[in-house]
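To keep things clear, I will list the structure first and then write my remarks on it.
In this document, chain identifiers A, B, C, D, E and F correspond to the written order of the chains, with residue numbering beginning at 1 in each.
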């Protein structure tokens, strides 16, 4: 009898709390988005699964000795996993399009308006009762506008670990929603003639340029923003391994097995922050709302900057490629290409949009560094 | 409310300083690429690789674009045959 | 002279103890079984090697600062390595045969009799002087009957770490001996006509079913047995990564590099528990004896259940496939196929036996969860 | 001995409870598959894929089954030659 | 204004110290050697990059919580990374050439003179003011003569961690310089007739021999030099995985992804020891000088031993293959082949030189064990 | 200076002991290979594998070495043509 009671008490049914049920549903929704809607599945699948595991009563995944506890402590609170992902992303990035047309870096700069405007917005939300964002919280939330997953997770783990779950969910969800969020804004801010603009073919970029480029970026970061060197440094290391051509086996591993292993763990570890007490509050709603604002302002900033540059540039610039400056590589570049094709079926913008796209990665890493330096 | 005003001022300053810094940083990078990298491209062009002529593996269904080996084989076969015919 | 003495004292010869020599021989036997007899080499080779390293005098592999010490503490005492292996196994498992013919799940249930009967047997061994098994010890030993390596290591590391070495050796050895242990029992409990029974071809299983299945298993485990969610959860995560089709690169890494790396370390770490003081005692003999009993009873349970089900089932069930319910994937299914072919050369049972085979993995994970919940 | 008896009782109960639980759990799973998964298979059948006909890459050594490009080449070569012969 | 000041103070420019600038230049030189000169790029590229990161003011890579701090503590101060590399190298090593002609093991022994003579030399440097090498320091420096990266890093991390950076730089630099250092010494110690000597074709080595060989080496190390078993043991484990043929997936992972991942981290971790205060001193100059001496004496030792053996051997021995005894696999063997071809265009020594080459790896692991046992 | 002398003596001894040990160790290994491994090679020779003849996949550009299928095709085509010509 006593044993039967023990047995009953060891079922989940006897211990469920309402918040856990809701959070497991959130996990299920993330799985649905990943599997059925193909929303950033590489991260949302393990994250959704981690959210479910985290909220199982009695299972203790996030308590001392639990699997997700170890994963979080080892890889996320130390910042190691996002940095390894960043190294792998660096090893997968071809800066050719950017080096061939460097002024698109300014588009990557303009799109960071999404970050800093959101910071202001997050502070503004403090007027709502129940929301109390410090400047650190606001900075961690604002980085969603960088449209770069590892950067967001890295910064949130440093500035506002208790908001990490909501920030990561918002960042990856909106990154997946880029094909829905961006086009209306892009169309609203441009006319058909602008969208029809064809750009000149990019010049060939040599190997020497590609090898020097990550070193130049690293050097500038060292000089002007050491706080960004963990992110930028690992990114440049990956890119240097790729372009140098002398360590192809390391580059291949960084792009494949190492980033895959880290992604599984990163997703699970972030999911472990999706517990009811940390996620089910009005602040999460605020973060989700701010995330949408951040992406929209970033997109608008990029497009408007491109329009401005087109006025002064010798060679024509299609304003649509400005939207790719938010990063969300390579989704945003594809969106620019697609919207461009609607206006002019012979206008292939993909390669031109890759420039601002990777510039956006650098831009948001720089923005993260500024926030770390001034707020952290 | 004083505290909130203070926060707003800080956030506004951060926005301003941040955007200026980001523009400066990436703008400098534009300069560096234009002034230092682009000249490098001229000084150290990529070595011209003899494009290793991979034996083309595309399969063609039309008469045009038949692979060289097939053409060579046929030319040889036909000219051999022609000579044999002449002799006879 | 002093230096020569120091040199002599730093040779192994000056320090060998008898137990160490015996345990290094045990390691050598494991290597022999792995390399020459092809007994579960993926684990027995590193385990045997680890056993040798562990018993080297002066080398300090298992002392603080030693390699095997780190491996054990990081990966085994935390339970991380067996769980990662389980994720990889999940990513390698195709539940199609089981979903097509779900009633074979009952065969996987029946074969768990091997576990619970062995638990009783382990307690019975307490009548022998020198053996004192607690209920925790008995539970850890009993899981050998699950015929699943990572499950056994996970449970033993939680309930009886000092018995881990003997339990792992027994589990993997008997898994390798499945082709020798099972056939006599299978033949004894069936007649030729039963062994000749041909089964109907399995229906096609759709992708949607395969994606929902791991989630359904996880949900049931959450409801009824949260203690099993570490094992079942990681298994289902691996399987979901496989079947969802949206994270193929993660699934590939989980099935290959990640499981390979973990297997090397798991083997070495388990081998580090094969020290003389922990292995050379009468309890180890008891564990080895109980392991043989466990596999036999599990096999018998599966076969008898299959005979029973055949009486009531509309479609014919060959009792041989019940033996595959012990898991030992895919060896036990192959054994069922082979014994079936002896009786009827046109009778290919392999696919039919894969159903109970993977059911057995779930069954023993559930059994492990029960033991953790009620005894742990 | 009292202690051992106690242990035996506990082990026996565990055996009973354990087997019942395992059967219940996996039995429920049978139900779930039959009631929920199997209908799903009918509701969402796998999309019928047009089997992509890969261009066959097998190499044949007999005259039959020579690849179309070779046949085309030869036809062309031979007919060209035939015309040339006619003219001469 | 205050913010601008904070911003200025958060730039690197405001905090640079001279030593850091010099050390970043050292890192840049290592990158140059790796990328442009192709000097051991697999390690020198991450090491050079690590050196740059380490010396960034304010970035804190090597402080508690910094990425390089974690990497160093987890993988290098524990000795785990060099041991994993050694396992991978073992899995890549074919002992066939050595088993076919075992007397070349004596060449691998002779070349270790480079190690022990350098130990003496390091002590001798104590006469220079500003240099104070203890016996531990001298031993760690001497192992550079082993021409084996992981062995040097492993020993230095145990005996003289504060010299680790300089030792690793010296070891890998001179390994890359083998084609420049060795030929003049080889030509000076041999005449043309000796260099023309053609060697008999090696006999076929069977699988059984190759499987037993790593076990025999391990057994001898256990008997006579347990202190060397971490290095030799992991090496033999890798080689056994390779030759046994039963765990090909583990062997493949050890040779590829696992060694690649470890190499990236090892390089970064070693680079983290290239800080100004540990590297910019007269001791580093001493270490660099001693390294050149070590390689030269090792080469001479191998060549002279080969000349001696050629006098007594029934089958001819080309003295050039003695130079390969320093290890630096497979560079030194290629150098022997090249110098041989200069004297006799039909004389292919590569396979013959692989024997002493891998013997040199064993020899320096044994030497490292001796130093650990007697000095450590 | 006393301390340095002491260190020199230790270093010298270490050099001597070390080299003797390395030679002894690797020398013993020579013995073991000659006495134990080499005989094993005779006792357990490698099983003789039938070398799997892979079909050659090299593509040739010259007339010589044209792949058999092409040659077969041409022979057939040419001989067919020859017969047609004879008839006409």
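Keep in mind that, in the parts below, contacts are C-beta pairs under 8 Å (C-beta built on N, C-alpha and C of every residue); 3 or more make two chains touch, one makes a residue touch a chain.
Being a predicted model, the structure only gives us computed values, none of them experimental.
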Chain whose mean Cα position lies farthest from subunit E: D
Comparison of A-B and B-E by number of C-beta pairs in contact, larger one: A-B
Chain located farthest away, centre of subunit B as origin (C-alpha): C
Distance from subunit E to subunit C - Cα centre to Cα centre, in angstrom: 41
Cα-centroid distance, subunit B relative to subunit F, in whole angstrom: 38
Chain centre separation (subunit D, subunit E; CA means) in Å: 49
Multi-partner residues of subunit E (each touching 2 or more other chains): 3, 7, 224-225, 257, 374
Two or more partner chains touched - positions in subunit F: 14, 17, 21, 67, 70, 74-75, 77-78, 81
Of all residues in subunit A, those that touch subunit B in their complex: 99, 102-103, 105-106, 108-110, 112-113, 115-117, 119-120, 122-124, 126-127, 135, 138-139, 204-209, 212-213, 216-217, 220, 224-225, 359, 362-363, 366-367, 370-371, 374-375
Residue numbers on subunit A that touch subunit C, as the complex places them: 3, 6-7, 10-13, 15, 24, 31, 34-35, 38, 41-42, 45-46, 49, 52-53, 56-59, 61, 65-67, 70, 256-257, 260-261, 263-264
Subunit C-facing residues of subunit E, complex: 78-80, 83, 211, 215, 218, 222-227, 229-230, 233-234, 237, 240-241, 244, 246-247, 249-250, 252-254, 257-258, 373-374
Subunit B-touching residues of subunit E, taken from the complex the two chains share: 3-4, 7
Partner subunit C, residues of subunit D touching it in the complex: 4, 7-8, 10-12, 14-15, 17-19, 21-23, 25-30, 32-34, 36-38, 40-41, 43-46
